[in-house]
Structures are given as C-alpha cells and as structure tokens.
C-alpha cells in the first residue's frame, strides 16, 4: 500500500534529479520513506535519493516497490503548478500508479522492477569537502562549456576551481573561501570528470541549495545536497576520468 | 466595396479560429456582417463565424466575397499590437486586400473564391449542453495529451468529463456543477472525437471565454462561443469517432 | 600590449554589429582606440567600427593587432550580465586573448591576422540624409519580410519609405518628417538593397539609437550610428542592387 500527497515542486525536484541518471527508476517504499537508488547505463554515475515521509503532506505506506517511467511522470508534472498538491496512489493489482492534481486523474502503467538491480551505494569517506551554493557550480559549468568534454576540479585550503583545458582554449571559474560556504581541504587535490555528467546533475539542483562536493585525487566525486527542508537527501557519485600518461 | 477598421486583437481571434480548419477562407461580405464558413479538407470539422459590423470600429460594405490566404494575414497581424487598429480595404479591380497598421501598408493578392464551396451548416438541435470556461477545456485537453488519438467526452446531470484511454494508461479531467457554468444534460451521454481537432479549436479560444459544448451519444459535438463583446459568434462542429465493436 | 576593462553591454554591441559582416575580425589596437574594419565574403557590405578608449572603463594599449573568432567571444559574453565588467588582456607570446568576468577566466586562441585584408573604407559624400530611430527601421524591415529579397528605400523632402514589391504582394512603411528626426533630401531618390543584409545590421543596432541613413539613386547606402555615449562610432556601407531593365 502506498498513498501520499506531495507538493508538485517537491516531486519535480526528485524526478528531475533521478532523470539525470536513468529513464526508469525503482522507488523502494517503506513506512518511513521512499528511496530511489539508480546507476546510469554506462556505470559512471550513481544516485541515492531518500525522501522522508516528512517531505509529503500525507503519507501512508507499507513495504513495496514501484517502477516508474520517468518521462510519463514528468509529463504529468507539467500539468501542475509548483504549489499544487499531487495525490499519489499505488494500485498493485492493476500494476499502475494513480496521480491526481485537482480535477485531473492520470493512471499510468508501471515498469517491471524485477530486472532492476539494486545498486550498492559505496560507503566511502572522503576527507576533502567544499560546501558551496548550487548557483556557483552552475556558473562554473556554464563557463567551461564547449571547451572540452572533461572538467577538472581542483582545490586547496584557499581555493576551489572548476576548469576545462581544450587544445588551444581554456576556461575556469576559481573561487576563494569568501565565495563559498566552507573549504575543508588540508592539502592540494585535483580530479577530472565528464563535463556532461557533472553538468546534468548540477543543472537540476534547485538554485541556492547548499551542495557539498567531496573529492580526492583521481577519485570519484561525491555530491551531497538536501531539498524540501532537509527531508530529501541526495547522494550522487561520479567516477573520475583517469588521464593516461 | 468593403472598407473597415477593426482592432488587431479582434481580427486575430477570428483568423486564428478559422485557421484551425482551413488555410484559405472565403469571407462573405454583406452590409451588416462578414461571414466565414469553412470545412476542413478531411470533412471532419466545420466552422461558421459571423462577425457583425458592430465588431468593427468603422464598417462600410456592399455584397461581396474575399478569398483570404490566412498565412499571409497572420504574418501581417504579427506586426500589430493587440490594441492597434487595422484598416482593411478590398480592391476588387486589382483583386487584392489592402491592410494598414499605422505607417505600414500591406497589399496582398486574394485567393480565387470561385472554386470554394459554401458548406451547408447543419441545423441540428442538440438537447445536451454544458457551458464552461475555455480555460477548463484547455486544461482537460492538456491532461489528455499523448495518451491516445481520441478524446471521450461524457456528461450526466452532475458531471462533465474529458478522458483518454490508451493501451495501458488513462487520463481524465472531471468537473462537477460547481466548476462549470451550467450542465443541461438530462441523462447520461458520451461520444468520442479526434483529440487533435478538438485540441486545435479549443486552444485558439481566448481564455475566459464561455463555451457551450453540445453533444449526444455518438453524435457530432457542437461548440458555440462568442468573442468581441458578443459581436462575433462562432459555431464549430466536429464529427464523432464511431467505435467499431 | 593591450589591457582593458569594458562593460559587457558595450562589448556585446560591438561584437554583434561586427558579426553581421564576418565570423572572424581583426581588431587594430592603438593607444587611443580599437578599430575594426571588415568586409563580408560576398563584398556587399563593409563596416568600420571605432571604439574610443573612453568607451572602456580602463584602457592601456600600444599598437597591435588581435584576430578574434567572434563565435567564441559571443559564447563568453553570454556568461556576463549587461552590467558586468569584462577584463581583456592580450597575451602575444601565447597568441591568445584572456577574458575575465568576475571569478571566470577564459583564455582563447587568436585568429591569424596576416591574411586578413584591411578593407579601404570609401570616402564618399552622400548629400541625402535621413536621421531616425533604429526602432522605426526595425519596424519597417519586419513589415517587408517574406515579400521579396530586396528592399527599396526611397525618400523626398517630406517622406521616407521602406518597401518590398513581390510578384503579387507589396508591403511598405512610409513615415513623414514628424516621425523621424530629420530628412535632408533635396530631391527625390530611391535605391534597392538586399533585404537580408539590411535587416541583419538594423536588427543589432540597440533600440532607440539614432541612425543616419545616407543614400542616393542606385548608390550604396551608408548607415551611421554611435553607441556607448558616442564613444563607439559605426559606419556601415551596403552595395545597391542595380535593377536590370
């Protein structure tokens, strides 16, 4: 059983974040939260989204699994204003999800979850952590576009820099401790990532959200952020691009 | 002779409504009104638009016919602000229409009307009638998009429902007597129509316009609405899609 | 040496004007100004833009030449708000231009100027001159679009007219002395130009800019306008289309 009401804006945030990694997603339902773990087809990015029951207006659920076609959900979300309430109900017999927004009812067939693996989210501790506003990350990515396919993140105790080096051209955004929330980086680190993947996830983080960027030399970057008054927690991993030398 | 001045906004409404059915239209001019009757090439939709002389700022006309290329008229309308006055004059010798908006003059060749049939608008009485705001119809259509090619309209004394049933998915907007202006439906009726045709006409009805939807079981739907302070009356018929069983 | 700071809005105006004629441009630097002369590949339009050092916030320069890839510069300009300051520095050793907007740094390789000819801007006096707002020219061009490939400019002491004559259709914008700033045209003149070229340059002139249109019978049209408080002067020539009779 799963029956809940959620603000359209909140559901949109979750769906857009998950869409950066997969087209179909498995929602794992428990009495306390909905969790979506996903890994992209190329195994470069991994996502773990926890939506606590407090993120919903009302929430009633047993244990269960719901397989969502994210494009269909996004089409329904376009019918809602940010402040609209969306009613969600799982109909396991008909294998579908019922969504209601005011006078509108939408019943959609669900995706079979039996073949969807449950990615194991790595338990890794990364000592280096920079906390900053999503806006700043977006600005840096915009500056780096069309120079190269890869983005270099580097940091030291004083600075955080996003940069791209092309054959002849170069772009960067470099900010100091005054521009970010905090830099906890004892030494000097750098690592390179797919610009496209990094850009896709950063672009869907709501403006002004605080994002923690955790990274190490030639190591995955871990992005952590919370939305909906910290009732939704997102952990995103992106594999590094190891340069051949 | 035909010489008139009309507000750009008013002419836009008429031209956009007629454009949903045909690319070229015959305006029949009389001393009291302009009338445009049109039937779409597939003979699924029919339109009858009466523009009373009171819809114009000034109006001088004898009997006559003007064949319009609607794309050309729309291009000229894009040059006008909604509140601009548009001067129209028929030049029968050169077989063209002269349009003036402020300092701009546009002379366009007319389409030959001799081969344009005069569709006979059926005189049918449909007992069931729902009056509601165009906005609500637009919302219902938006909800139904991309589920199926057909839209089902059903009504009873208490409710009016637009819905689409696909192979696995379903969408509907269902409203009660409190949401609409009036429901005059003694029994329970339903009929199915092309979503594309229904959507095309509903989308061009100005927001907040009151629309009367008249229908019967497996019967054409008749939409009636007035614009420009009731000086323009539109009757639109759409053939039903009869389901084979 | 070239090191300067300029308002993003000002640099945008210059780059968009030059882009109507060429994809790559040579900036000729002197201690007092930057000058860009360009001729389009078909030799129909020619441009001479003088950016006085007063158009910059700060300006330090020797003699020099910088070859710009305008698409790259435009991409960087998209990162800036109109009111942002853009820092520019020429690095002749690496043959690149460094642009800085706040925290963003962009280093771009320059285009080789050795093969770029220095077009000779003709010193011609045209007696007929109409001064009017760029907005009015834009409106006239919009009215003429999609009728013909050529635009006829004609003027006499009382009127200034832009018009297009197609096979069957005609469009014009005709304004009198009350609508323009001034008309200094002793007799009656007319000349025809490529609508596309004329439209391209007029569209990038900032709204409300005063433009002087100088022309004669079957003669190039010369457009003169200034931006950035008259610290940037633009002279644009467009060859006439001589009608074969």
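By written order: A, B and C. Residues from 1 in each chain.
Note that in this section a contact is a pair of C-beta atoms (placed from the backbone, for glycine too) under 8 Å apart; a residue touches a chain by one contact, two chains touch by 3 or more.
Just so it is clear, the structure is predicted and the values come from calculations on it, not from any experiment.
Specify the contact topology among the chains shown, as one of line, ring, star, complete or other.
Graph shape here is complete: every pair of chains touches.
As a multiple of 5 degrees, what angle does the CA superposition of chain A onto its copy chain B give?
An angle of 120 degrees brings one copy onto the other.
Note whether the interface between chain A and chain C is symmetric in residue numbering, meaning over half of all numbers used appear on both sides, and answer same or different.
different
Just curious, how far off is chain C from chain A if you go by their C-alpha centres, in Å?
45
Could you tell me which residues belong to chain B and also touch two or more other chains?
none
For chain B, which residues count as touching chain A in their complex?
Within the complex, chain B contacts chain A at residues 139-140, 142-143, 145-146, 168-175, 179.
Applying the document's contact rule, which stretches of chain A touch chain B when the two form their complex?
72, 75, 79, 96, 103-109
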